[in-house]
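Heads up, the next two complexes both have subunit A, just with different partners, subunit B and then subunit C.
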Partner chain A sequence: MKIITCYKWALDEEDIIIDKQSREVITGRAKYRISPYDRNALECGVRFAEANGGEIVALTVGGPETAGSTKDVLSRGANRAVYIACPELAAADSAATSRALAAAVNKIGDFDLIICGEGSSDNYAQQTGPRLAELLGVPVVSYVSKAEIEGNMLRAERKLEDGMEAVETPLPALITVLPDINEARIPSLKQILAAGRKPVDPFTIEDLNLPADMIKPLSARLSTQGAVTDRRCVVLQGDGAAIELVGILKSEGIC
Partner chain B sequence: MYDMSLTEEENLMIQSVKEFTQTTIAPAVKEIDISGEFPWDIVNKLIDLGLHAMPVPAEYGGPGLSSVMSAILAEELAKGCPGIATTVGANGLTSYPILLTGTEAQKKLYFDLLMSGKLAAFCLTEPNAGSDAGAVATTAVKEGGEYVLNGQKTFITNGGVAGVYTVFATQDKSKGIKGLSAFIVERDRPGISVGKEENKMGIRASNTTDVFLENVRIPADHLLGKEGEGFKIAMQTLDKARPIVGAISVGLSQAALDASIKYSKERQQFGKPICANQALQFMLADMAIQTEAARWLVHRACYLIDAGLPYGKESAIAKTFASDTAMKVTTDAVQIFGGYGYSRDYPIEKMMRDAKIMQIFEGTNQVQRMVIAGQLLR
Partner chain C sequence: MSEIWIISEKQDVMQTLLAHAKALAKGELIVALTSEPAAAETASTRGADRVLLYQGGSRPEAYIKDWQALARERSPRAILLGAGRRAKEIAARLAAGLDAALISDCVKLEYKDAYYSERYLYGGLCLIQEKTEKIPFMATMAGGNIEAPPAQSAVPIEKKELSETEKITVSDFRPHQSATNLMEAKAIVCVGRGLARKEDLALAENLAKVLSAEIGCTRPVAEERQWLPEENYIGITGKTPSPDLYFGLGVSGQIQHISGVRDSKLIVAIEKNDSAPILKAADYTILGDLYEIVPQIIKALQM
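Now for the complex of A and B:
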């Protein structure tokens, strides 16, 4: 069984600072790491492979920094890492990302299952998985909180806002998983040391014959501003407190 | 050139241990400190990560980490719980006699046990042999192809949880330190029993017990090095392990400093955060200066070990300075937290209790100063 798990090499939001005055998002000190839900996607693949045997290919596309992600992902149980890292993909949106991923998946060849995280920690657009499935012409199951494989069928539970849905689909298929699906294991010292000996395939957009307009973002981000919550603590006392409170809430546009 | 950079793999290992410390150790420390129960669930996960076998060479299935890396990872663990870091440290301590003097067969025997997930314990101290380790009274008598061990070991870290011990015993008390020999002793040999667990002031997550040996028979090939080399092996082992006590101390200091910085920004008195007072700022600065200095003393001692250069004095200096620093920095942290620092509802007083042992075990800081002075005046 061949499983491809997709991951995004994203900035760690814990390192991102928001300037309170200008609301500028300062990423200068932020480091890259595997987007957290994608760790669950990889763990899901590793558990399938442990149970049913098989190979796990970890796949990512992104800017040049993406090339530095392979040892991390290989230490978490993937057998092989494939990436496309180039400046053209640095500002990729879900459309461009999914097209580049689809081209890479086609080059990797026959697969039984593709696993993506439900969304990435930076944009959380939740589009890459479904778009990729559409481009590859395979069924997609999103919001997966539980999954099992039996023969050629994948059974999954989808955690939706108003309840759970049980679905099944034949393989090959693509699923996008929620963090509820598992607890991603922490790599052991030996897994980390072994990561450097596993195969890594850098694909290029030239190899994949990807024309420039295929990986051009359809949408462009014009600006980003951080959300700043301004908290105040006002204590009202005395007989007129309730009336005063209503006055404040009105002036703030709350009631 | 003295290169202080780390490889990508080493950075990933640090990341793994940081994550383990934050997600697995940190949420449990308060409860373990109260109960004093050995945290097998956490230790088993730590064994899965390979953290109990850091110095085990790759040819025996271990990660074969350098001393510098072992120190860095011990510091990370200690930021979460110095008691758990001590459990790991004792495994390293017990491994060094085998690494230093073990034959191929002994290495295989011992490292196989470790790699199968067993803990280990270093049995030197006795009721009447503490700082004066040469006064060991446990006896080893050779009978045919076996040695028979009799005696009592005390204050043994991992004593009640280990699967294998290194035991120091005398074959001839009249020979003093020249009469000592070192042995590998598996826990399941008949005649071994474990005393009650010490009810300790700090590092309560670690297991400390007496170990009793009553006519314990071991094959003669369990002797480490030669007969009479036991004291030398014990001293070489402790020289090599002391920087790890230093590293645990640095982790404690750093955790106390980080908590103090955070708290001093949040706590308001006289209408401003307490960190707005220069008196506190200078305390924080001094804590940082000492912690940083301790860290680099530890790393330098480890570097000397890894480079195959003499390290006895530097190792003693690193252990002494780092543990004295941990005591001072954690005491200052309690001061910065004020009354809350003294309360068991806050994590700070535990750090101060945990710090104290670092000045005592693996040779008290008085004994370290004797060792350092001895080297200076040679």
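Now for the complex of A and C:
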């Protein structure tokens, strides 16, 4: 079977700094890495391929930095990496991303299953997977915490706020997975070395006949500002700290 | 006459969406679409101008095709949904079919010459403002405090039938047996990875008892360690309660977690690592070993 796992090459938010005075968002020190939710999506694909045989294509679209992402995903078990990396996609929203992904999927050709993370660590809009499925005209099962394939059927459990929904769908289909579907393995040294020898296909927007207005964000970004947290940030330590804290809670009228 | 649509199968969400739609409307009709009679009733008596109740499908997602077709016919100016998981999928698929902009987890929305919206990025680290001119504008509205619209004389509920069954079949639905009441809690004791063993949850429970608090946890405690049900985890991707007191035990303070409690009145924590981000996110942090400090606090609270 052929599985396409989509991933996003996103900035690690732990290294993003907010300037307290100006509320400016400083991303200079932050590095790109695979969005953590997509590690579980890729792992899910690898496990299906281990159980049922098949090929995994890891697919991403994004700004020019995305070109540097392939070794990481290939070391995590993908057989082949496909990407579109260009400045036009650097500010892509979910609509643009899903259109570019759909064009790439159509070029890759027949697939049985597409796996996406439930959302990305930066935007967390949770739109790309369902949008992509809709554009491709395949069924989508979102927020999957458990999935199995039997013949041409996929059985999955969706974890919703009020309960667990068990569904069945014929393949081809698309699923978006929650992080608790599996524990993503850390690549071994052997896998990291082997990754360099696996095939990588850069697609371009020209190859895919994607006009610029198809991959333009649908909303205009007016401002991005650090969220303000107005907290007192008092640190208590030493023997009297517990009693001091309880005194504060009481004076605040909390207990 | 132009329309603003609201879509939900849940009564409480329907009520919130009615309030948002009323605030947004500049003379548009408010049309409620739902697959649940109870939510239709809410819409009918709380100020919707038209209520369409869809039946015949096994779940709300079944009607996406019908709603896309109707949207092409009626060209609503805006479509609002809740921010639950079902609603998010429905919204994204509708938006893809209608080629619409969709703002996820929208925290602020206004119409002037265009739709102006705000949402958080990077797990709550920053806030972005966007302007959307393209119609229909779509948003999933994050939970928040908006007053329910007053009761009005009921409008008739129009019944609609599903036109085409979806490829997906639902084989089972098991409701969560959750006892947690995090969203309404006045105080929350929240357990993080700093708690060494599952048995130590008893310590958190004892503290919760004297504070009349509910127990919450961070995402890894629910998902990786599975010490508490997933309904208990707090964060921008989980529950986002706003208690008077949030008390973190061994919570390092990752942004995705802390963003979920940003509306708490007071945030206090016990943490042993002096470089943990919680020190900058809390009002008061006791730096030290929670196993020593929690019993002292319980004792002091009982005095």
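One rule holds in what follows: the second predicted complex is superposed on the first by the 232 of 255 C-alpha atoms of A that agree within 3 Å, B and C clash if a C-alpha of one lies under 4 Å from a C-alpha of the other, contacts with A are read in each partner's own complex, and residues count from 1 in each chain.
Note that a residue touches a chain if its C-beta (ideal position, glycine included) is under 8 Å from a C-beta of that chain, and two chains touch if they have at least 3 such contacts.
Being a predicted model, the structure only gives us computed values, none of them experimental.
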Which of subunit B and subunit C A:170 touches, first, second, both or neither: second
Touching partner for A:75 - first (subunit B), second (subunit C), both, neither: first
Partner chain in contact with A:186 - subunit B first, subunit C second, else both or neither: first
Which superposed partner A:97 touches (first subunit B, second subunit C, both, neither): neither
Partner with the higher number of touched subunit A residues, subunit C or subunit B: C
First, second, both or neither for A:139, with subunit B first and subunit C second: second
Subunit B versus subunit C as contact partner of A:66, first or second or both or neither: neither
Touching partner for A:120 - first (subunit B), second (subunit C), both, neither: neither
Partner chain in contact with A:40 - subunit B first, subunit C second, else both or neither: neither
Sites on subunit A touched by subunit C in the complex: 11, 13-14, 16, 18, 25, 93-95, 98, 119, 121-135, 139-143, 155, 158-170, 178-180, 183, 218-227, 229, 231-237, 241-243, 245-246, 248-249, 252, 254-255
Footprint of subunit A on subunit C - complex, ascending: 59, 84-86, 88-89, 91-93, 95-97, 99-105, 116-117, 120-134, 166-176, 187, 210-212, 219, 223-224, 230-231, 236-237, 244-245, 255, 258-259, 262, 265-268, 274, 279-288, 293, 296-297, 299-301
Interfacial residue positions of subunit B with respect to subunit A in the complex: 8-9, 12-13, 16, 19-20, 23, 48-51, 54, 58, 63, 65
Residue numbers on subunit A that touch subunit B, as the complex places them: 68, 71-72, 75, 186-190, 192-193, 195-196
